[in-house]
Amino acid sequence: MKKIIITAAAICMLSAFTAIQKKQRIVFFGDSITEAGVKPTGFITRLGEMLKQKGLDNNYELMGAGIGGNKVYDLYLRMEDDVLAKNPDVVVIWVGVNDVWHKRTFGTGTDPDKFEKFYNAIIKKLQAKNIKVLVCTPAAIGEKTDFSNELDGDLNKYAGIIRNIAKNNNCPLIDLRKLFLSYNLANNKDNKESGILTTDRVHLNDAGNNAVADAMYKALIP
Amino acid sequence: MKKIIITAAAICMLSAFTAIQKKQRIVFFGDSITEAGVKPTGFITRLGEMLKQKGLDNNYELMGAGIGGNKVYDLYLRMEDDVLAKNPDVVVIWVGVNDVWHKRTFGTGTDPDKFEKFYNAIIKKLQAKNIKVLVCTPAAIGEKTDFSNELDGDLNKYAGIIRNIAKNNNCPLIDLRKLFLSYNLANNKDNKESGILTTDRVHLNDAGNNAVADAMYKALIP
Amino acid sequence: MKKIIITAAAICMLSAFTAIQKKQRIVFFGDSITEAGVKPTGFITRLGEMLKQKGLDNNYELMGAGIGGNKVYDLYLRMEDDVLAKNPDVVVIWVGVNDVWHKRTFGTGTDPDKFEKFYNAIIKKLQAKNIKVLVCTPAAIGEKTDFSNELDGDLNKYAGIIRNIAKNNNCPLIDLRKLFLSYNLANNKDNKESGILTTDRVHLNDAGNNAVADAMYKALIP
Amino acid sequence: MKKIIITAAAICMLSAFTAIQKKQRIVFFGDSITEAGVKPTGFITRLGEMLKQKGLDNNYELMGAGIGGNKVYDLYLRMEDDVLAKNPDVVVIWVGVNDVWHKRTFGTGTDPDKFEKFYNAIIKKLQAKNIKVLVCTPAAIGEKTDFSNELDGDLNKYAGIIRNIAKNNNCPLIDLRKLFLSYNLANNKDNKESGILTTDRVHLNDAGNNAVADAMYKALIP
């Protein structure tokens, strides 16, 4: 009799546990780098494999929401449709490269103060829905290690803005800019402009996808 | 007895009339050109004088909401505080010069498709509050009449976008670009880059303020 | 005896005629548009075919000296090697699109006053060697006919500078900008941005190559 | 008798010495920073005072040839009139800030490869006249020490080009960029964008003029 009771309790507990343990839905919200993250060798796919290796793939659901060319206000404009509609538990925002780059290529980069305003507006809306938000600094536009990548200065500025945004909004920071710089200082002795973590100065090669997946794993998985 | 009834009816009518005739509040929402509109010789001040001359100054209340350097997404970001909080009956939107100009001066102009999206978003929010919206095309960056003002082409493009926005949202259009071009073709025989309707290629001189006030009067006052 | 004398005189005259009638060497000096001019359907090739049709192909030798991306100071820097070394009788200069375009794409367009200085310096060096110089206005960056091609204003400005340069240096002008605008106003009713005289807003399609070859023929061949 | 001979010899030697010791003419060739160098507190004036203190003011003649807004090809275009016409013994070239800066402000910066070509062309013409040439790296556009001055990356790139030019042409290098960076890392603990060596991120304050005068003194005076 006692045994039966225990078994019943165990079943109850298990089912309760299962109920609690619904999959956490994580949406990756960003530009072309995030868009490529769901490709077979992309960092989101890689993150999924890492979770599987740890036996955690039933606990998390990873979704990409990256669109090429996006700046912070593109994220703002499509947040409802592409993120909130998916009802995520966690959102990882990774944006900034185009906000800087488009100044040079189209004349339509983002003013630093507007960058901050739209970024904050996105976070506030997500946090108001009880969504956990993590933010990333833009990794690189060029991997040269002698500080002569054309847009380094401005990219450092926007990375600084994001570090402040993280602090002010209590968002965990995934400091990819710092990570990429350290990695390049150690591994890019020939001062190459690409080929270390990127294919083309901006988008990730295999090493880049692995480095980003590692950093995100640490930040996302307790 | 009859007299009393008539008097009572008259009082009723009068009070009804007063209720209907509350002042219409018109907010002018824009950039530095609108910001200067409330100065002693500005077009908003001038509009007020025109209303007074017609004995209509008790029917309308004019309020400036222009801030220098504003682009369409600046208007979007401050719409709640600077326009909706004033509970206007009518809003006149005049923006676009900086969306084009900042491409050249700061590298932070506005992409045409984002210009349209934010512009539409502003109109939709205002119209949802039952506010009447009028839109203006950007007048000029340079008054040369041989079509060699550096940003003419792009300004024409954004003016075209606004004309479509007006049509699609049923907003009356105040086509200041067309007005300024016609005026200059008639009055700027020496192909000067400023001094006809502007002081500095962009901001209004007296003739410019008068021309804009006239155009707005026609569009605003039945 | 008389006959012999006449024959001898005829031979003298013929050889004199031949001596005078050495082939005129015409060098086309410009950017990618000129570079493509020597391709099978290019305007320089087309010009050669027109000369052949008229039986004038023994009188003229056409040489391309176009390099993609060139601005006026690129022409200046390579003038010795690529033009003077060929000892031409005539040089057709066609440059200006990149001087305007690179402002937007790389931030390295050419200031108007420097454009004029380098252009004049090229002409002076060529004319000092008794070379006849013809100059062309930049044709188009976009073919839209509602004056909303982004760079129309600036392109008109640089076309105006070249028209003055032609006047001041007594150089025949081939006004391709005017030609393209007229042609588009007549033939581009749908306000397309390319496909009328260009493949991509800038580089010539067959109709464009024919139009340019016709205009150059008129200017070059008496 | 012996005494007289000695005296005569001394006079000969002195006059010979005087003949050899004609004043060395040093021309400072550059942009607005050099233009301001001849002002009462400018670095050229300061250099003159340093020479006087050392009793060397009869050995050197300092001449400013700076014009605001100049890029490398402006120097090239006015080299004959403003430098060669003065028949200098030494020329100090300091240019580069506008070649980078004008990319942002006017869209008319200088391509890196053209920067190098015009710079080399200037040096070659000067050296062909047996003029000693010293070259300077551009000091700063912004003094922030966290590497977030917008144009740092590009400025480092052009500084690198000049270091190579110095090596390839055997020109002594005055590495003002390195000097300013070291000075700021030591003295700009608050990460200010100006006020340490510059008044406005670019132009020299008193400390800046002193630092530049010191560096130039070391490079110029044996």
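All chains are identified by letter, namely A, B, C and D, in their written order; residue positions are counted from 1 within each chain.
One rule holds in what follows: a residue touches a chain if its C-beta (ideal position, glycine included) is under 8 Å from a C-beta of that chain, and two chains touch if they have at least 3 such contacts.
Because the structure is predicted, anything quoted here is derived from the model rather than measured.
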Which is it for copies chain C and chain D: same residues on both faces, with over half shared, or different residues?
same
Two candidates, B-D and B-C; the one with more touching C-beta pairs is B-C
Based only on mean CA positions, could you tell me how far chain B sits from chain C in angstrom?
47
Suppose each chain is reduced to the average of its Cα coordinates; what separation in Å results between chain B and chain D?
52
Distance between chain C and chain D based on Cα centroids, please, to the nearest Å.
42
Could you check chain C for residues that touch two or more other chains and list them?
103-104, 106-107
Chain D to chain A touching residues, read off their complex:
103-104, 142, 146-157, 160
If you look only at chain A, which of its residues touch chain B in the complex?
73-74, 77, 102-104, 106-111, 114, 117-118, 121
Chain D partner contacts - residues on chain B that touch it in the complex:
104-107
